[in-house]
Amino acid sequence: MGFQFTRKLTIEWGHCDPAGIVFNPRFFEFFDWSTALLLQAALGMAKRDLVAAYGIVGIPLVDTRANFLAPSRVGDEIEIASCVATIGRSSFEIDHKLFNANQLAVSGHEKRVWAGRDAQTGKLKSQPMPEDVVRKLKGV
Amino acid sequence: MGFQFTRKLTIEWGHCDPAGIVFNPRFFEFFDWSTALLLQAALGMAKRDLVAAYGIVGIPLVDTRANFLAPSRVGDEIEIASCVATIGRSSFEIDHKLFNANQLAVSGHEKRVWAGRDAQTGKLKSQPMPEDVVRKLKGV
Amino acid sequence: MGFQFTRKLTIEWGHCDPAGIVFNPRFFEFFDWSTALLLQAALGMAKRDLVAAYGIVGIPLVDTRANFLAPSRVGDEIEIASCVATIGRSSFEIDHKLFNANQLAVSGHEKRVWAGRDAQTGKLKSQPMPEDVVRKLKGV
Amino acid sequence: MGFQFTRKLTIEWGHCDPAGIVFNPRFFEFFDWSTALLLQAALGMAKRDLVAAYGIVGIPLVDTRANFLAPSRVGDEIEIASCVATIGRSSFEIDHKLFNANQLAVSGHEKRVWAGRDAQTGKLKSQPMPEDVVRKLKGV
């Protein structure tokens, strides 16, 4: 298990739906930003600066999933603990655990690709992650 | 494979992020509403009326996932084809395929539970789906 | 009163809050996209093409407001009628009227600026709208 | 000028649009939640508890507006200073000032109504605010 990042947030009125619980797409918003903060903490620069520093186009999400175990409601104070779960040659995976009152409420997962642009087609194309990025994501 | 429902929509400016592509949580918004429309078409009533008609509390999402295969951008006309993929005793699964210019761009999946309330604990609890609901979701 | 554009949409589950009514920021999403569609219909090209065609940076929103007269709920079929209300030298205003069951439910208003970039400071700067744009926004 | 409440937040990737700046409806999300926090701080209870404590149905927004003076971008640390601007018999107004790098970037305004339900029609109806609520909103 690699680099870890934890943050707290409060569930807002506008995060919730007519059932009074968080509308599921909001959890993917929370996870997306947790990943941005994790990467910034691990790599020491904001996502936008990674592009210039490493000559990549971005770190697009290719796969995501979530299991919803317990509902969260307006005013709930939650904690999202994120960690780098696996590191491949040109991609990595992040696990997000969202706790509400110390109970695991949502378990999320992302797979992201270290992506440049193919010189010929102009399309996004995965490329090997630099050694220092791998080392930092491992948190060692 | 069971009941199917297809709809079209246009990607809006506000669906997209600074990379100029749809921000991933928006796809879960699209899928959530496609499921509501599929259920309404299959069962012949709006989601809110199901609650009264069948004595349930709701049909909460317990699992979801998506694979992102190609980006979508503002102004793109997309099609979402949804179908009931599997039907269990008290839950069912829906597959969503989002096409952009006839290319599969996002593949999504939801598992939802037919849920009542436990008389003793007051918590949500899965319960067997009525025969007519199963038959209608099968689309036969 | 200038160019007019009307569209219909259905209120979705995810547009609504725990009170069961549309969460107010969603109306500004609706209006933003109605403006994009109105401009596309009036000027004959998508917002992103305006930038190239007219050498502008964008048409940023500088002022907006809304009055909420009646609530809208999931499943409601609404109509948004938008029109160019006033046209200045380098800005214009758009009125949005959102009807629910033929009743005016929200009245919205936007002021947008025709903006280029100041050659010296690099900042956005309003500039005179071309004659053909003015004529098309007037709808004459 | 009445009760004041200030909070800080960071602009997230998902708050921004393809122009790289905050999509305007997000500011109304920010203001809505700032108002909830201001009321909670002023009245000493969460919005949902007000309903039971004062026999009201809610505090619906009837009018809102915003002026956009400078753009905000991903990673920007902003501060929102909110205050009760005027207090009527059955409504009150809140001003929101959003600062980015100590510069006023958005100026927002809300009018909210203290609302019960009309015994005959069942519709929302403004009602006089209790004396202690008025006093607390005045911040005296």
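The chains carry the letters A, B, C and D, assigned in the order they are written, with residues numbered from 1 in each.
Note that in this section a contact is a pair of C-beta atoms (placed from the backbone, for glycine too) under 8 Å apart; a residue touches a chain by one contact, two chains touch by 3 or more.
Every value quoted in this text rests on a predicted model; they were computed, and no experiment measured them.
K.L.:
Counting contact pairs by residue number and requiring over half to coincide, which of C-D, A-B or A-C is equivalent to B-D?
P.N.:
A-C
K.L.:
Which chain's mean C-alpha position is the greatest distance from chain C's?
P.N.:
A
K.L.:
Using mean C-alpha positions as chain centres, tell me how far chain B is from chain C in Å, no decimals.
P.N.:
Each chain reduced to its C-alpha mean, chain B and chain C end up 30 Å apart.
K.L.:
Starting from the mean Cα coordinates of chain A and chain B, work out the distance between those two points in Å.
P.N.:
Here chain A and chain B have centroids separated by 23 Å.
K.L.:
On chain D, where are the residues touching two or more other chains?
P.N.:
13-14, 19, 23, 25, 29, 32, 74
K.L.:
Residues of chain C touching chain B in their complex?
P.N.:
Chain C residues touching chain B: 12-14, 29, 32-33, 36, 46-48, 74-75.
K.L.:
Where on chain D does chain C make contact in their complex?
P.N.:
Of all residues in chain D, those touching chain C are 19, 23-26, 28-29, 32, 58, 60-68, 71.
K.L.:
Quick check on the complex: what are the chain A residues that touch chain C?
P.N.:
The touching residues are 13-14, 16-20, 23, 25, 74.
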